[in-house]
Amino acid sequence: MKNTFGSSVTVTLFGESHGAAIGAVLDGMAPGIPIDEEFMRRQMVLRQGPAALSTKRREPDEVRILSGVRDGVTTGTPIALLIENTDTRSRDYASLRTLPRPGHADYTALLKYHGYADERGGGHFSGRLTAPLVAAGAVALSALSARGIRIGTHIAACGGVADRRFLDVEADLLALGGRDFATLDEAAGEAMRAAIEAARAEGDSVGGVLETAVTGLPGGVGEPWFDTVEGVLSHILFSVPAVKGVEFGDGFALAAMRGSEANDPFTVKDGAVRTATNRAGGILGGITTGMPLLIRTAIKPTPSIYKEQSTVDLTAMAEAPLRIEGRHDPAIVHRARVVVDSVVALALCDLLALRFGTDYLKA
Amino acid sequence: MKNTFGSSVTVTLFGESHGAAIGAVLDGMAPGIPIDEEFMRRQMVLRQGPAALSTKRREPDEVRILSGVRDGVTTGTPIALLIENTDTRSRDYASLRTLPRPGHADYTALLKYHGYADERGGGHFSGRLTAPLVAAGAVALSALSARGIRIGTHIAACGGVADRRFLDVEADLLALGGRDFATLDEAAGEAMRAAIEAARAEGDSVGGVLETAVTGLPGGVGEPWFDTVEGVLSHILFSVPAVKGVEFGDGFALAAMRGSEANDPFTVKDGAVRTATNRAGGILGGITTGMPLLIRTAIKPTPSIYKEQSTVDLTAMAEAPLRIEGRHDPAIVHRARVVVDSVVALALCDLLALRFGTDYLKA
Amino acid sequence: MKNTFGSSVTVTLFGESHGAAIGAVLDGMAPGIPIDEEFMRRQMVLRQGPAALSTKRREPDEVRILSGVRDGVTTGTPIALLIENTDTRSRDYASLRTLPRPGHADYTALLKYHGYADERGGGHFSGRLTAPLVAAGAVALSALSARGIRIGTHIAACGGVADRRFLDVEADLLALGGRDFATLDEAAGEAMRAAIEAARAEGDSVGGVLETAVTGLPGGVGEPWFDTVEGVLSHILFSVPAVKGVEFGDGFALAAMRGSEANDPFTVKDGAVRTATNRAGGILGGITTGMPLLIRTAIKPTPSIYKEQSTVDLTAMAEAPLRIEGRHDPAIVHRARVVVDSVVALALCDLLALRFGTDYLKA
Amino acid sequence: MKNTFGSSVTVTLFGESHGAAIGAVLDGMAPGIPIDEEFMRRQMVLRQGPAALSTKRREPDEVRILSGVRDGVTTGTPIALLIENTDTRSRDYASLRTLPRPGHADYTALLKYHGYADERGGGHFSGRLTAPLVAAGAVALSALSARGIRIGTHIAACGGVADRRFLDVEADLLALGGRDFATLDEAAGEAMRAAIEAARAEGDSVGGVLETAVTGLPGGVGEPWFDTVEGVLSHILFSVPAVKGVEFGDGFALAAMRGSEANDPFTVKDGAVRTATNRAGGILGGITTGMPLLIRTAIKPTPSIYKEQSTVDLTAMAEAPLRIEGRHDPAIVHRARVVVDSVVALALCDLLALRFGTDYLKA
């Protein structure tokens, strides 16, 4: 399957950072879903992050919808989304083949593609490929939203600063809305930005943790083995560059609890079965309970740093110092947030279509 | 795909805890792999855990190989593995349909299967289904081992006690071997057992963290998007009951580091490219580097506890107290260890066959 | 995927002719479908064919349902179906490795499995593996029948004798019912049996053509490219041993027509859109029209014949004469009929579940 | 999977006849394969057919390679191929929603997409989408050719005229090369063209049969059940618009033979095992024998004809006469030939990569 994800709703990704164009094909979305191009545009901007914190390469990332949409509404056939690469400064990337950057895919690309891969700007591994993912995710998020399913992510931790946890999930998701540095607590957000600036000043970078919630999802979705909701979501979440950990509900913290503390007691609320707590993150036995999904993803620090590092000169097969030039971000966690929302939305569209049929998301 | 996992090497799981039998079909394994039935038997015993700590239900779990093996060697065709259920005490499980147990899949099974699922002993969701997974995993582990690929897991944390981390991975894996309560530090193991006993005495349970290493894996395996090694492994790891978190390398700890700390410097060792540290857990850009894979999984406490809990009586739609009778374990983390080894082995066989062809694991 | 077929409803096949057992795992069937064990038994008997025409090996083929069914109703979890091999006469099959039988898979098995495959009785390639396919198909046929979808097949041609085509499809399907040599015209059936006897008398065998109809299928099922109804059905139909051709509607005959003759005019019948003719076999653009599906499959003559044949002695790499001993059928076309019904039913359950959700076939 | 085909090498298709663009994403091709753009261009021209016989819509069909190729060589990452739609004359297609054309997908598109699909020029169902398939196929054909695997197709029958069968397959394939009306016998080709002209003169159309051969394929490729070579190839062949039948080797003709005639005797040639005849079309038990693959596909007559036809006015739910205006071909069989070569090449790349690993086709 490689660069295609999903069974009933699928997304296929292509492109290289410095090639002609990047894009995605989103297939299996129901017909009749209105496309909110303004929302898609805002998502693309959020992915770029606030100018103050972000890369100097700032392309407009204009998404051209080539197929599958007519008069602003999905037709039910594959939706091809194209972004031309415009700002591909000519620079010498040849060193990436002999001096692989620590923490990057330069070396593993050599092992896999035997030197044929386009290494410029990270090529196919570049975070730039999250742009078409976000465009495809915007379609999925719109469709889910029309069914009352809402997805949102905040920066739970960054640079040693922690945001507060979700309290009233519905209200918190509403508040996060279009924030370009999404924390629930504003002061925490300020402190995080300061930590990012401090890292940048030292030619270094920081990572962080994202916390995602999904509300309005029906119960009974997912499979008992293999295609558990956790399995399917983690599969696509680990595609997001820099993600190195995924947990659901209280995740690793559950490992330190007693069963009596970890189990969510069932209760009745407004005539419906709910759980009093939600340590399981809305999933039991791999299947949704109807409570909000809660997901946390660990984002490693941006591997591109200005500080001198140590690598191997592959020609000489000897250690060599490395200084990375060019434009790079001291943090991507705030930008990764919309990517996480996007892939979660794409995977949930697939799970819902498998469960309830291909017309489920039809408006 | 549901109860089938994999593309080239696949495993299909079936059965219910109190049905006639449980089993697995392992397909796509190369012909010519010797089956080590004694090793399979030992793995089945390790899955049951030491009698002192484990469930009172102790079936022999005899694996019958129905197909795909002849004269002790794989034929290349599907390997069906069957375990008859013998110790299915008749007990009244009907309450599971009206009084769903917190932390269990009783309630989500009702949502998904509309009351038709076999609820006895957890039915298809029962941890008992890990028995055929372990049997299939034993074939995969044998095949990988013959190619110099070794997989091992220790209990990194349990009941508030931490084991030491892997130091010399090769040596540590060797030492872990057939331990029935696998810690690297024996004193830590003793303290964990004491913590489990303490929980049991209170009618409660504990969880833990498992740390897995894989050595000998070639570099260049995995895909840049979607079918990353992390994505594929996490997908199947979340199938293991009670797993609520998965991280690779330093995982969530990376989120709190600076880039200069998180990046693994490349170095040369014995004429080969290696990394000086292994915070990335042997994976960059979703592709193996040739360094050991390092994986950590969070196991929530066994949801079956004797302490009184609160649930909902679905007939009356009102809260009701619940006391669970019967046999259950105060901890499963030490038993889950062989299940984790098994699913990692199965997924790696698939990735290797996709990369190098279906004959790759042929002896 | 190999020995697993389907996306939402899947079937996995395992076993060898002379191994311990053969079986199938049917996954993704909705919960709540009544299992008609008597119907399954009759299908198993039909697969064996009338004693007068069939192999001398006649095992009872008792199907044991190991999982996924409780109190005669599907639970929604995987249904494992097991048939023990009882009548595996010990005979010397070693010659199959050195003297491959023409028309059989002996030689290709050697190429693929490097001599490790179980060659006894054809091993995993044996027509015996259609027994679990028929058992799984019986579940699918029952489920479809409960939704008003009926599938039936007659022997359109055999040994140079042609049956009449379907006229009133509904009535013809009803008439075919449980016939053990299913022709629409009885005289044609008699002539076919005579042709089979004549071939047998000469130590030879005959093939034939099967024609299948499906009624009651909703329109709008199937995909425009790749997962067309024709593509999916042909994929599984070519799994039926000896099938070498598949056509839909008028198939190859369409190639000789003019467009004005081949196009089915639309018309209105009982307030619904229908076509006046059905040369397209109920499929346009890969998608069902709501008209009956019409499918024809070519079955090559049984390759096992008593007449002397020419093969290669692989040890000497020289041509050698071959006389096949043992029990074999002079025709299998009449037996293949229930296998064809079964695989069509399995594939349609998958297409319907993908289109309308996993509960679609729930009673 | 819908608009994606394959497991290891996959192709994803998108676009509508009168939308912005059409295209394909070809993923999983090995790195290091030279792209022969001139060959790709010739294939695109062959798909359009000779001007004398073909549609009046003649777009240049310029293929833009957006990714996965650098300096004329594959990188190993997804290859996106884009063709802008330039000649989309504005015409009124609204009638297709109320007066569905017989033999077309207008009506089934309505059933599936509930009126949201782009009906202009057939939309996503248009034969125009075979253009990106042919572009992707050109990459696959080049890669196979570099490994000595050759694929070629001739028009075996058209308008009541039959071409001769393959004799010396290698030589015949060579001779067919770039012929724009590919017959083995030139006189047959002339007679076919005359038959096409005759149909055109009457406002009618003709169909035909294509016969394809593949040489140089290694033995031992394919799976015994479900993923047989026949199953996989037929699956994708039925995606080619207008294909209504697929047979391998002697196909339906085998159904009328005796076993002694149908079985191909094994023999030794140049030190290798071959068969004296090739009625099985190079496949036994679903697996390649090493003999040439022989495939025949039935192409129905172009459904677009000028003659008056009968359809249903869906608004009035009453029969209505229909006259189709615009540009259409009296035959497509000669154009479908390169499409058939393309999809066969794509499916074989997938089967070979699954069998021998992803580097198999590396130059």
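Lettered A, B, C and D in written order, each chain numbered from 1.
Here is the rule we use: contacts are C-beta pairs under 8 Å (C-beta built on N, C-alpha and C of every residue); 3 or more make two chains touch, one makes a residue touch a chain.
Since we're looking at a predicted model, the values are computed, not measured.
Farthest chain from chain C (centres taken as the mean of C-alpha atoms): A. Taking C-D and A-C together, the pair of chains sharing more C-beta contacts is C-D. For the pair chain B and chain C, the distance between C-alpha centroids works out to 38 Å. In terms of their C-alpha centroids, the spacing between chain C and chain D amounts to 27 Å.
Distance between chain centres (mean CA atoms), chain A to chain C: 45 Å. The set of chain D residues touching two or more other chains comprises 1-4, 7-8, 13, 77, 112, 124, 224.
Of all residues in chain A, only 7-8, 77, 224, 354-358, 360 touch chain C in the complex they form. Remark: chain C residues 1-5, 7, 13, 100, 102-105, 107-109, 111-112, 124-125, 129, 157, 160, 199, 204-209, 219-228, 230-232, 234-239, 241, 243-252, 254-268, 271, 273, 275-276, 280-281, 283-290, 298-305, 307, 309-312, 314, 317-319, 333 touch chain D in the complex.
Only residues 1-4, 7-8, 10, 12-16, 19-23, 25, 27-28, 31-32, 64-68, 70, 73-80, 82, 112-118, 123-124, 359, 362 of chain C touch chain B when the two sit together in their complex.
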